[in-house]
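Note that the chains take the letters A, B, C, D, E, F, G and H in the order they are written out, and that residue 1 is the start of every chain.
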Amino acid sequence: MEGRITIRVNGADQELDAGTSVAGLIAELQLRPELVAVEVNRELVARAEREARELIAGDVVELVTLVGGG
Amino acid sequence: MRTPQASETRPDADTALQVGKYTFQSRLLVGTGKYATFEQMAQALDISGTDCVTVAVRRVNLDPAKGESLLDHVDRSRYTILPNTAGCFDAESAVRTSLLARDLLETDLVKLEVLGDEKTLLPDPIGTLEATEQLAAAGFTVMVYTSDDPRLGVRLADAGAACIMPAGSPIGSGQGVLNPNAIRILMELVSQPVVVDAGVGTASDAALAMELGVEGVLLNTAIAGATEPLRMAAAMRSAVHAGRNAFLAGRIPIKLYANASSPMEARIAGAGSGA
Amino acid sequence: MRTPQASETRPDADTALQVGKYTFQSRLLVGTGKYATFEQMAQALDISGTDCVTVAVRRVNLDPAKGESLLDHVDRSRYTILPNTAGCFDAESAVRTSLLARDLLETDLVKLEVLGDEKTLLPDPIGTLEATEQLAAAGFTVMVYTSDDPRLGVRLADAGAACIMPAGSPIGSGQGVLNPNAIRILMELVSQPVVVDAGVGTASDAALAMELGVEGVLLNTAIAGATEPLRMAAAMRSAVHAGRNAFLAGRIPIKLYANASSPMEARIAGAGSGA
Amino acid sequence: MEGRITIRVNGADQELDAGTSVAGLIAELQLRPELVAVEVNRELVARAEREARELIAGDVVELVTLVGGG
Amino acid sequence: MRTPQASETRPDADTALQVGKYTFQSRLLVGTGKYATFEQMAQALDISGTDCVTVAVRRVNLDPAKGESLLDHVDRSRYTILPNTAGCFDAESAVRTSLLARDLLETDLVKLEVLGDEKTLLPDPIGTLEATEQLAAAGFTVMVYTSDDPRLGVRLADAGAACIMPAGSPIGSGQGVLNPNAIRILMELVSQPVVVDAGVGTASDAALAMELGVEGVLLNTAIAGATEPLRMAAAMRSAVHAGRNAFLAGRIPIKLYANASSPMEARIAGAGSGA
Amino acid sequence: MRTPQASETRPDADTALQVGKYTFQSRLLVGTGKYATFEQMAQALDISGTDCVTVAVRRVNLDPAKGESLLDHVDRSRYTILPNTAGCFDAESAVRTSLLARDLLETDLVKLEVLGDEKTLLPDPIGTLEATEQLAAAGFTVMVYTSDDPRLGVRLADAGAACIMPAGSPIGSGQGVLNPNAIRILMELVSQPVVVDAGVGTASDAALAMELGVEGVLLNTAIAGATEPLRMAAAMRSAVHAGRNAFLAGRIPIKLYANASSPMEARIAGAGSGA
Amino acid sequence: MEGRITIRVNGADQELDAGTSVAGLIAELQLRPELVAVEVNRELVARAEREARELIAGDVVELVTLVGGG
Amino acid sequence: MEGRITIRVNGADQELDAGTSVAGLIAELQLRPELVAVEVNRELVARAEREARELIAGDVVELVTLVGGG
């Protein structure tokens, strides 16, 4: 289907509309943006860049949050 | 020897623990892992009196039925959050994790762990040193988990660590401080604060660590894994207070035997001499 | 094993220490010897949180310029006074001293010490046993200072002692509890409360003693002889609280190594395995 | 001198009027009675018996009080 | 402090162990219990180098198919036999047992044990003292098993014991010497030889005991219960030799750190200073 | 766990210590520093039973009245000489020293030390690792002195070290093995032989080290600095034999109390039960 | 049966001829005399007295030897 | 003086004839060759090269031997 791309998110395939930004991905996944941090292709995408950063096919995304740890 | 600093006011008055630009009123740093529930965790943190809590960075759970977030249960106005790099086995992933944590928390504080293997969870000295250099250069306030090798501690200090955190014994082993002399020598060799991280199993371990003169104790499993975590949180709060003040108070010397606490003069006739 | 008793209410709620008909809210018993001034002593007692203080019996000073009395500085409505027989080297003088103390204080509580020699101040087992029998027969509540020999403790219990008080190490030596296993076995063999008396030098010693499951700790020199006695009084109060609650909380088991406190799942790609 | 006797108090000789009681001795020495206990010849003289117990020449008296101890 | 006695001849020359009128060339005393076979026992005794072996007194087996006797396997021209009163729980039965052993062996040597209970096998101090008095009066050379209570040791010495044998730790527990300081103080207080009896689990335990300055070590389970008893017999022979000579040789003092064993002078240019 | 290897022949038969292509019959390696005279040194080496002795490399004394050479007193047909790089504070000088030693001795064996500072003489982990890499690449058989940090040991092994030699405690401190668990974990993580180097003060320290399962012990000051060095050499020989065989023999387990070594059956009537 | 008595040996009943000595008992039980010691009624019967000491009905005998012990 | 050069040996100045080899220096210093090893300017001069290696003015020589060490 035209206009759809496949990326990897946290180790699994994810389809989304071409042109989706990192912020858009977070919204689509219904995540609370203030509770996540994002890497694309092993580079941090800072909070301020999430809107501008457009995802492209084959991008490898890590979406992380905080969990209990010592 | 680190010289104890006396106080004039309350008999147990103390200075704060200063790590770079961060100030902690409590010398007990507490982890957030392994609790039965977030509620239990929040209660344990409250009872422990800590104002610095460690957290780990992990992939978001994308499952639709997502649970609550840890951060919903940690009041950031009360607690400084100290993200760790637990689970990283090389410098690169530890640095990436630190950058993610900084972006998420808007803090430059990080507890650096670069581990050597999954079996022992002991730190890899080379990866730890590399990551310390990179993070310090990137402006982080690095609290670095390390072995108790004093000269490795010097290397980490030279690389820019803000706080040296030797393991008393392996993570989760509950063996306490296995080599107090190594900690003592480390404190002589570095000017950064030294905090014992890992290995504390019970209250006397924490007290003994503080009596060595270290600036703080970081623990998690000892509280979360106790049969009654909340009671152990209370015990640890007291233990750190006890050990710190015993250090500052200047303990009596150790002798092979005997120094009467009751006077040997003016005893009644016939009390004898035992000679 | 003495079974810890959990509580429902406050996480650090505890039962009182019961010795015969006497009830103590604090598990820290404090001596009154060796302080610089009565004022310092009174402050240290206050800060320690104790409600049972030991005193010695000595000849009145007949000098015209008699000083104040210790009792002017110990509020008997707050503190139970526990007279000792320190300085007695046979059963007879210890019994005489106990009778004098009972007449003076109108209490039947006594801390029995029958010493073997002036050099070590270690207790004489035979004199101690004889005096225990006589005092118990005379209606005293005998808290008996003894070595950590578990079977001697059984003999003293059989002779009527209300509380067995083994030395952790020699009086005033500051060596802590040298033989925790002896204390553990003693607790298995007697039903009376066991209180560690003598040898505690610093906070971790007191915490460790309480973690063994003993009912209390009695000390004097560790506070009075510290560089800052008031601060050490605060440390000891916390240490007994810490050790007691660690005992009740049920500590984590000891392992050779490693139990992650942060999860090993859901780590970022590339974190590695260290294999 | 008639009417005076010598006793031992806490290891030292002490003269006093014949017929003095234990309570009298305590008063003469200006001790606070509630802060002392008394032995005569290695036997306790209980608080209630101090008035009645008369001292005689050669009695060995121990007058004790409480001091700091551990 | 017992003063080490140097020697002129062989660097490891030593005096004999003297207990009353008995002289032992080896400072290792070995029990005969718990071996798989009499042959194994005989080999272990041989390898251990001992010349004093303990045995127990028990009812004859009246069964027709009676086995061999222990004495068929112990060469009395080589080994002094030290009968014990193991299994006796009061002075009377210990004295009866001693009399039987003396009649059987034509020796007045006895290892006195009066135990307190079957669970811990710890000695009863009162029964032990009573039996010591009676046996000494009856002409026995009493080697008395006791706790490490130093003043109890003095009582036993005063009662006529020829050798004081404190337990390092409970019989068969393998915990080594739990309270070295108690043993040290005991040696200061009595003039009789002190031999550590019970608790030794491995070679370093025996070496450490001897380094305290005790005159000998008695053990059984540590050899008989090892996976390879004969090898452990060799280990124990060496361990007693090692500990004894380390005591006599005068060890180096303990420091927090560092004393170069290679010279710091005349190093090559550029070796650096590490400053 | 390293599995003990039993033997069929002599009860204390043992394999040799193999380091790269070098084979040592004795598991005790002895230094040559700090003796009063070369004669004393030679006697001590002889008595110790060692076949591997360490030496240092230093500038020749150009003074006309030159003394004898150490090598005049060390029979190279009997002893393998192990030159050290003591006194080097960076990798470069340690490598230069190793090259000089190899040229002089025609051996590729080297005991690598790269120290961090003159006060503690503790090893610098980074310099040590760099020098290990370079020397291994240059064909040396590197026996490397290091802290007891297990993961640093892994790094050194990966860099080509033939033998990992953790300090039991700081050089010359006589504190023994301060952290046996670190040594145990190191042995699990590397396949190279582990030899405890530095810190042994007395015989029981050496025995205890060997009981952990290490392949050997290297020491110098403990012998040379003893009041009677020759006697201590004998003690150390025995101690290493004792500890090694105790390890191989398989010691009894440790219990809180009591396992009778004399049978509890067939006791005489009236022996009692102690119940 | 006339001429037979019952005694206790090591906790069990034993019949034997009246007039048997301690030495006789040992022989009858086929024990090696040099490897045993004997009590009768909780009193030692010394080696030298075994021949002379006659056992009577109801005597309680302990026959002991040496076994492995520590 | 012509034909003499100055070098450093073990941290001190040393004069010697120009053209002296490393082996010659060792001989001149009356050292036993088998007991020393040599560096010139921080580079090892191997045993086999001592004859051929000529010293020049300003050379920094380290002459080492073995001493007691641990």
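By definition in this document, a residue touches a chain if its C-beta (ideal position, glycine included) is under 8 Å from a C-beta of that chain, and two chains touch if they have at least 3 such contacts.
Computed from a predicted model, the values in this text were never measured in an experiment.
If you take chain E and chain H together, the chains in touch with both are F.
With centres defined as mean CA coordinates, chain G is found 73 Å away from chain B. Distance between chain A and chain F, defined via averaged C-alpha coordinates, is recorded as 56 Å. Chain G and chain H, compared by their mean Cα positions, are separated by 94 Å. Multi-chain contact residues of chain D (touching two or more other chains) are listed as 10-11, 39, 42, 62, 64, 67-70.
Residues of chain C in contact with two or more other chains: 31, 33-34, 56-59, 84, 86, 96-97, 100, 116-117, 120, 122, 124, 170-171, 175, 181, 185, 220-221, 224, 256-257, 261-263, 266, 268, 270.
Taken together, the chains touch in the following pairs: A-B, A-C, B-C, B-D, B-E, B-F, C-D, C-E, C-F, E-F, E-G, E-H, F-G, F-H.
Considering their complex, residues 181, 184-185, 256-257 of chain F touch chain C. Chain E meets chain F in the complex at residues 4, 6-7, 11-12, 31, 33-34, 43, 47, 56-59, 61, 84, 86-90, 92-93, 96-97, 100, 115-122, 124, 170-175, 201-204, 206-208, 211, 220-222, 224-239, 241-246, 248-268, 270-275. Residue ranges of chain G in contact with chain E, taken from their complex: 9-12, 29-32, 35-39, 42, 44, 46-47, 62-70.
The residues of chain E lying in touch with chain C in their complex are 116-117, 120, 122-126, 129, 147-152, 154-155, 169-170, 175, 178-179, 181-182, 185, 188-189.
Chain contact summary for the complex, chain A toward chain C: residues 10-11, 39, 42, 60, 62, 64, 67-70.
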